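First the structure, then my questions, so here it is.
Naming follows writing order (A, B, C, D and E), and every chain is counted from residue 1.
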């Protein structure tokens, strides 16, 4: 009980920030940040815990998004079922490709995933054009039925839902990091041999990490699909392949708050700069370089000690 | 620089026979400290051996001298020149060559090309010294180094390091995994080499060490626990420190 | 705050914390309720009902493949805003209302586009126009049909989106569907130019397929044969292999459905391969951006349909020639160059949006929609009479002009790119309302 | 279904596309092999090469002069980037250098946009002559591109096998610490390699410019293909890069003769297959941890 | 168990004709080896004698080119390390091999959990590390190896000796049937060596222990059996004194001692550590 209780404090603080953001920032931004954080959490887990860097996350995003989209476009109207189907599709997809991919390491893993994303792109755009309608995409916003309590077809209700989902995902990863499995992942990341000789299977550990992370990504895809009411192959284009990795590293690899910090920073920078001056690429590009030059801890990694210092000192003063 | 520096320089001048001097060297990997206050001196023409168990920090010491690791504190000087903060290629160019224990030659290059690279930095193309020591390399000149046996690789590693007549050779476990005949060959070569350069050898083969070394440092858990010189360099005396 | 932070980062509890369990539970509940309160009721913006200044959104892919075209659209839209503001603003019952154009970049990405659109909505814009890439226009149209907003896509929307029930009540497409483009191109090629063997190169999306259907319909109607077909995706840099196939098929006319940068690349490569000498090249929907981007020799002799070519001085309908010149002068004064096709679409679209506001005497989407559709939806555009059809597509008397590219020798100035040979238009080039389900 | 004429021209076009890919991929491959960085900014030097070619050929009327200038400018810029950015972060994890290079790439695209604008620019083709090979008309320019890339291959081969710096680079691809231990300034090697890579990418851009439209996004368009070439060939292997570049070129070309959209997917499917069968690519050696 | 006889304990590991080649080098050459249940055995040999390679073959790190390895009468030649661990073999590494990015206690928890709890993924996912950190066995082993002060620290911040102790602790904690230790004493201070040996001694009689060591002099009273390897072959096998006096051992292993004939035990003692 006490454990659970303490947990909620952590979650609460992180997401209280987002809730506050909601008041000061426009809703679309908050929505985007939340979905993007979920998207990045998967990538961050994969990179920080299991040591896999993947440039093919959009493939799994699209898996979730399209599964949801197919359901909502062709079969049903209930967005919740759609999201469930998206999650299932994510699991199935990662179980299919996972056993092949997790044997590869490092850069090769990154690139086969990129290849998968590109193949996915062309599958959706060309090969399966009969059901995906190619570049036109599937639009089904008007198909989404209003549901009681939280009506996902309304952005402000969707925000609450996405918010709760994000809390759940975050808590899940927090829990996962504390489990033996989380420890196994870290162990397998740096010392495969020892893991083997302790009797654990590297393959299983990695496959599970792959499935968990990519299912999270698929969940983010489903949320995108429901939120936008629309999917198109563009979401898997190779131009966007680096996005989650960039955000992960920007936020701070392997930290739980990193994805949120990264998503806020990246989306914020893009929207802000894009609004102020047209040429956002220039600023973002050089900002990225600067951040990489400044340190490898990312935003949260840099912020955390500062915050700690600040808050602890205050705390100390108060108690004196 | 601190005011005491010239005095130290004076000290150096007094000790000018010492070609390589390590003082109070502390090295760490991450937060784990590996070497503690290492003092070590090598005089020209001396063979200095470092003995100790696996993980005692012997290789770390050599790597620190060669500039591959940045020490926490301490000084390393060669001929009065401070080595700390220099890039490792600079140190190698100054005549302190490090021969790692992995026996990795450039396998895609021929033996000749491997030697060329050894000559490149020092502009010393006199390969006779190499082939004098290791006549076998002469026949293997155009062979891809990847196809060499372990012993031949070690010969090549040493051969390409002695080009440019280095002042100090830092040799890490030269005989590890080599056949006895090659070990005895290397023993002779080291004996020859010490006429030109000083040698710092990290080795576990006590008979070899005892046969060639002038001084032995026993290292344990990152500290020098014993310094033996001259007559006392005997297997039975060294053994407890291994 | 510090306490909470302690709890976050310090794994082990201090014993005194344990004693405060209940107090913290209370705090927790308070925080949670604040959270829920914030989430549920934080949304909503109170804005004045009768403002004296409004914002309209201009949402275009200023980065990406279509950036060059989007730039011209932006200019057209801003010109339309400026024209109204110069007159003092919109004439609303409560007085003049100035307009501010809010420009944003949709990056040709769905999520980004929808997000930026929603930003605009939360900023309180009264109408939105934009998009160069049809799928994104569809996405925004879907949002509009949920949350009404006068929306004027300034791109060529997919034919499918005009099907009954797809387009939102408050969405008005100032351009027609690609089917019309294809039908006009096919008619011009077969009927006007008399070509009988057609090779068609589509793009792998609704734009390409709709144009294909239009061309095929025209070919069937006027008796031409399709001797070859292929498709490439948007952003293809190298068409040479496809052009090999075109050459091998030996058609009379090669009609392509490429747009903007793709069209430039295609026409340039056609020229390099010498296809211009072997057949007639017909780019179904051409713009000045394409003409300007090409070396003169590659443009020479290339046919195309042009939504609005600025130089209509030789055009038989003097009325249109006059309004075109006025518009061109206006545009030149601001941007020092003549208006391009898509700039004109944007200008027309935003002009209609403002006309809608004034006619409806309100910014209510439904009222604006009704006002625009009143009087059979007829309106006058810079390129002649036009009307909103039931499917919210604009039908023009002069839907597009048949133009032929000029070589270097024929050009009088740098913008003298095309020669106007004729036009297509009227109700007949549009898909029938019946076929769209009306 | 395909006649010989079509096939021949398809092969030639495939080779010329492959040549461009090859020129860009060498740089990526060498940079990866030696410095263990994934240098996405090569794609920027490609765009810069193309844009400079455009400007200079507009100014002087000679595309060849333009391509030369493009090479030089790309080389200089790559030198600057290496000096000010990569030199500081070589030791970092591969992901960081990659993100940094990604930053350079999109930042550079921003700069290009502010200098040259977003409108695609045409570069005139230097020669429109066509010659007949087995009854098929082949543009001479394409043949020249192929010839140049083969010459570059020869040059690079000679450089790597006959010059001492080249040998040092080859040695460094195997183990950079040992090279350093021999007293060779590896950072100078890194700089040299980076400039070579940048220059060749610039050349690729210059040569490609007349065949396509020069637009700010052009680097991003070819990115997946170049990557694929490097991966299929095996990181760090020049020969593998050449072969895989031509292979990919052929797949793109022949694929698009069959059905145009196939051109873009088929190579990726092949890459996936090759990687799953042989994870190190055709000629790659085992990835060594630095 | 056909080989069980009155005075011979049951075989637990049996290697027959095991050969491993690395290119031209024959690292292990047709080695036959028997390990009995609850026996404490040691392997010594000079650098490059093949003892570590042989050790790696036994534990499944390498697969032998020829020959077979049996565990409790079951052929495990091709079995993966995980399977061997599941059957009760546990090894340590010559160079300390711990998980540097985990805390000391989590390293132990990982080892403990695999051996004493179910190891399926589901169980890994359902159990937090924290829940097992206070397990009495872990607490006990922390005390035994004097690691309790650093229990919460990241392993990368430990000293080498501590890491080494941790690794042995991890192996012992798993309570395997066969404990295979590759140079467990390297890098430990004398007092630490004594401590480790004391711990190991407690397991004598209940566990099979195989130690590959340089420093035989420190484990001499501890080993029940000694095997000497040279050039990939076993040249002597038997009791401690018996082995050291074996002529083959004297000739090829303590080369220098043979030449200085008559210096006797002192010299042999002196050379114990010599590989």
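Everything that follows uses one rule, which is that contacts are C-beta pairs under 8 Å (C-beta built on N, C-alpha and C of every residue); 3 or more make two chains touch, one makes a residue touch a chain.
Source: prediction; values computed, not measured.
Common neighbours of subunit A and subunit B under the contact rule above are D, E.
Shared contacts of subunit A and subunit E, meaning chains that touch the two of them, come down to nothing at all.
Comparing the CA-atom centres of all chains against that of subunit A, the greatest distance is found for B. More C-beta pairs in contact connect the chains of A-C than those of the other pair, out of B-E and A-C. Taking the mean of C-alpha positions as each chain's centre, the chain lying farthest from the centre of subunit D is E. Distance from the subunit B centre to the subunit C centre is 72 Å, each centre being the mean of its Cα atoms. Averaged C-alpha coordinates give centres for subunit B and subunit D that are 42 Å from one another. Spacing of subunit C relative to subunit D, judged by their CA centroids, is 36 angstrom.
Centre-to-centre separation between subunit C and subunit E, using Cα means, comes to 74 Å. The set of subunit B residues that touch two or more partner chains is empty. Residue positions of subunit C touching 2 or more other chains: 62-63, 204, 233. Touching of two or more other chains is recorded for residues 125-126, 280-281 of subunit A.
Chain pairs that touch one another, listed by label: A-C, A-D, A-E, B-D, B-E, C-D.
Within the complex formed with subunit C, the subunit D residues making contact are 3, 5-6, 9-10, 13-14, 17, 113, 117-122, 124-125, 128, 130, 137, 139, 141, 210-213, 215-218, 221-222, 252-253, 256-257, 259-261, 263-264.
Subunit B makes touch with subunit E in their complex at residues 30-34, 53-57, 149-150, 175-178, 204-207, 220-222, 235-236, 239-240, 242. For subunit B in complex with subunit D, the residues that touch the partner chain are 66, 68, 87-90, 92-93, 97-100, 104-109, 113-114, 116-118, 120-122, 160-161, 164. The touching residues of subunit A, when paired with subunit D in their complex, are 47, 53, 100, 103-108, 111-112, 114-116, 118-119, 122-123, 125-127, 238-239, 242, 245-246, 249-250, 253, 279-293, 296. Contact residues of subunit E toward subunit A in the complex are 59, 61, 80-82, 85-86, 90-91, 93, 97-102, 106, 109-111, 113-115, 119, 121, 123-130, 132, 170, 174.
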